[in-house]
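The two complexes that follow have chain A in common; it is paired with chain B in the first and with chain C in the second.
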Partner chain A sequence: MSAGLIGHEVRALLRARRTRLAVGLMLYAVLGAVFLLARPPAAVAAAATEWFHASDPAFALFLFVWTDLALNKLAAILGVVLAGGVVREDQARGLLPLLWAKPITPARYFLGKLAAAAIVFTMLLGGAALIGLLVFPWQVAGFRAGPFLVVSGVHLVGALFAVVLSATVAVLIPRRLTAMLTSLMILLMLVGSAFIGFYNPAWADYAALNPFYHAVWLLGHVDGLTLAHVARPLTIILVTHAIVVAVGVVAVRRIEA
Partner chain B sequence: MTAAIELDALTKTYGELVAVDRISFTVPEGQIFGFMGHNGAGKTTTIRMLLGLTRPSGGGARVLGRDVVADSLAVRGLCGFLPASYGLPRDMSALDFLAYVGAMFGLPRAEATARGRALLELFDLGPVAGKALGGFSTGMAQKVGLAQALIGRPRVLFLDEPTSGLDPLGRHHFLTHIRDLARDQGVTVLFSTHILGDVESICEQVAVMHHGRLLACGALQALKAERRAATMDDLYLDLVQGAA
Partner chain C sequence: MSRILSPYVRAELRLALRPRHLGLLLFGVGIAVLDAELTPRFPAFALEFMRSSLRLETMADLILINDYLALYMIVLFAGAFELMRVHVGPAEARELDLYLAKPISRAHFIAARSAPALLVSVALGVGVSVANAVTLQLWLGDVALAPILAISVAITAFVLVQLALLNLAYLWLREVEHAVLLAFAVAIAPLLTTSALIYRPDVFVGRESALFAAFPASLMWHGGVSLGTALALLAGALVLAAALVALAARRLDRRPDL
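Coming up: the complex of A and B.
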């Protein structure tokens, strides 16, 4: 799919009512992080101190609240909202007979839709991080922009799994609502189990397969972040994304216009 | 005359059901070719195979010399298609939709928008170009359907039951546009319909399908003379009842 076509898809998605709702959700994430940090649950504060061994436990707690409590669950919902109806939505509206008769393969059509959803998702999560960059220095004692951006960046790449999975499940399961609920259930399970490697270090290797784990894993290295700390999770995440996208590409070829 | 569309024993089966049974015919370039048959005769399946949307079970076909299976993307790049049944994105404007379809043909944004605007003007939809498609009447939506089929400047146009659902005036205007396209731009039109009057008014050659089989193919006047049929209705009934 050409850049021009992806541009059309992005513009259409940005105009959609559900995207406006998503903007509201992301603003809520920024404000929610501030409120949560004002009176963090004791168990969360204790876990952050115990797990991350940071020189500044308050900053580690903030990053924990930001990535997990504020962003993770919203990212799961946002992925389903933006990509949970990919291709199936057009099929339900009777658009596929028109559009697939054009010089474009179903696979490229799917990839274009997925790319557009990923771009809008990035704009929303990236936008939330940028707003956070303006708000948090005034609200969070000892706020450091560098680690915040690195953790937010890795989290964003990991959270894109919500888009990738939702799009792939959408083309695997013909019924749109069933597909969306399935994606949401899987994503919320992944978000919920992102800390399994911290609860039990013996499971840390398995936890690495969870795209939502890696940003949290980085929190344990905030004091001395290196390129290697970022490269490893990004590699794992991108390989996971590629495998799931490939499944989607195979699945979309079986859909009849 | 060069062939725009060539079918050679084209076949499609779904399990035991033979939807299209070894049909062969040729459509000359620049003609409006009537493709007739009742609902379920196999017309839509044939068109879908010609566009590479459905894989043939046997035989083959070429559009403008390109194989419809091996070279389906190139075929679709040269063709326009208006399906019998389709939807339009209700929340998108007519112009945005045409620009989007234009982008599928690789047209730059400005060119796709200009082409979309010109087509909407041609079909008297200029004043509503920016309006959401959800508010369009059946006739207006069908014009947008035809416009999207034309946005890539097709050399072959597949129209599947394009006049069903149109009122008499809308039908007249639609057929006039089709006739103009073939006459002025040399576009080959495969016009699939079960409305016999439409075929009689704009087609020179026809193919008649019945239960997946090709009953007759050739120049309309010659077929009528051969069957001693005064009208298209008489010819069709004679062919179909003879096949029953």
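Coming up: the complex of A and C.
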């Protein structure tokens, strides 16, 4: 991968209006979480205790709302918007003959574009967590910065699946709009079922097929977080990302200029 | 029919129905089957939580709430992406001048492209609705089809109006990604009240009428929606969508910058 290409792509994405619109969505998600958590009913706090075996129901509920309602939905749409047109945008503009003639392989070009989208995605979701770090201590009873950052960090790595999948689907499906719609439908289904292993622990093995389940897996271990707890989902998530990226690399080599 | 519709309109109609629509229909069927299979197996605590927070009653209601959400999302995003072919996609690819240089008026162009996309979305909505109803009857047995179809048709009618509004808003956009973000915002907005109902029921105290905005759960309360009402809603939505397409056509006709 070329650092120059990645830097150029990151700057282009940061200048794009879609990124500014995404920042607006991100701020909306943070404020929405604050509103929803202001006065939760007892039944919801009891559900959070039951599902996540937490000693502090309010904090468990906060992490649930934060990862499920704010970050997961945001991740699904941002992944598609940032990476859903990778390579195909250039193809639609007739730029591929020029790009493929340069001393950069299609695989490297794909990886460069993917890396740039992942960096901007990280800046957006990471930015949301940092803004949350400033807002939530004043709004959320029993807020703990350490677990919040660890959970948000692991979630961020897991949510990068939205970028990885969108980019790979973009090079697998020739029509850009169909590829974006396909990615969005898959991602909405995955984020919609991310917590199914918590709702019914008997299904945890099936839920493990969903990268977003691993992204939120730490919610069940907030009391007494250890390095081993963090390493487990991260390892699974990174292996999953690597496999999906490899499929994308193979697919992009078959795209003709 | 071929005498009424011009060759151009017929060409657009042929282009509107694609294999992806069959894929989306199968996706909807798959979700309906999974939902009917998995929801009854949730632990009692989780079911009671859903039942009390969304004010639902029966097991069929608990299954259907997810079916209706899936129907809503599938039809809305299928239509929203289909409508990006009308103006945003060609504008981004700088192909609009080429299309509009042909002996087809701007109004004719936008109507011929928008109407099939909207009609295909309605057809997809009806298809997923039938799949939801039939699946639930197969899984639970004693379930009436008409109330399920009625609510599904009402949701499809609502989505049709949202899509026609999106189609109009798309005329101001020139990048597909902006259109995707706008479609997402339009899709999420009606569901925010339901989130508030679950996590902030206190905001509805003294404002019971506001509960009707808790889409789609509120459609299932008080006996649901009658089939006659649902069909009337769909007819109204079709008329409103036609008016909004005409407005979009008029708007494109008056744009001097194209």
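One rule holds for everything that comes next: the second predicted complex is superposed on the first by the 248 of 257 C-alpha atoms of A that agree within 3 Å, B and C clash if a C-alpha of one lies under 4 Å from a C-alpha of the other, contacts with A are read in each partner's own complex, and residues count from 1 in each chain.
We take it that a residue touches a chain if its C-beta (ideal position, glycine included) is under 8 Å from a C-beta of that chain, and two chains touch if they have at least 3 such contacts.
Just so you know, these numbers come straight off a predicted model, no measurement behind them.
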Contacts of A:36 with chain B and chain C, given as first, second, both or neither: second
Partner chain(s) touched by A:95 [first = chain B, second = chain C, both, neither]: first
A:254 touches, of chain B and chain C: first, second, both or neither? neither
Touching partner for A:5 - first (chain B), second (chain C), both, neither: first
Partner chain(s) touched by A:21 [first = chain B, second = chain C, both, neither]: second
Contacts of A:77 with chain B and chain C, given as first, second, both or neither: second
Contacts of A:104 with chain B and chain C, given as first, second, both or neither: first
Partner chain in contact with A:44 - chain B first, chain C second, else both or neither: second
Touch count on chain A, higher of chain B and chain C: C
Contacts on chain A seen with chain B and repeated with chain C across the two complexes: 16, 93
Contact footprint of chain C on chain A as seen in their complex: 16-18, 21-22, 25, 32, 35-41, 43-44, 47, 50, 65, 69, 73, 77, 80-81, 84-85, 92-93, 176-178, 180-182, 184-185, 188-189, 196, 199-200, 203
Of chain B, residues touching chain A in the complex: 48, 51, 53-54, 73-74, 76-77, 79, 81, 83, 85-92, 96, 99-101, 103-109, 112, 145, 148, 152, 158
Chain B partner contacts - residues on chain A that touch it in the complex: 2, 4-5, 7-8, 12, 15-16, 93-95, 97-105, 256-257
Touching residues on chain C, where the partner in the complex is chain A: 20, 24, 27, 31, 38, 41-43, 45-46, 49, 52-53, 73-74, 77-78, 81, 84-85, 89, 93, 175-178, 180-181, 184-185, 188, 192, 195-196, 198-202
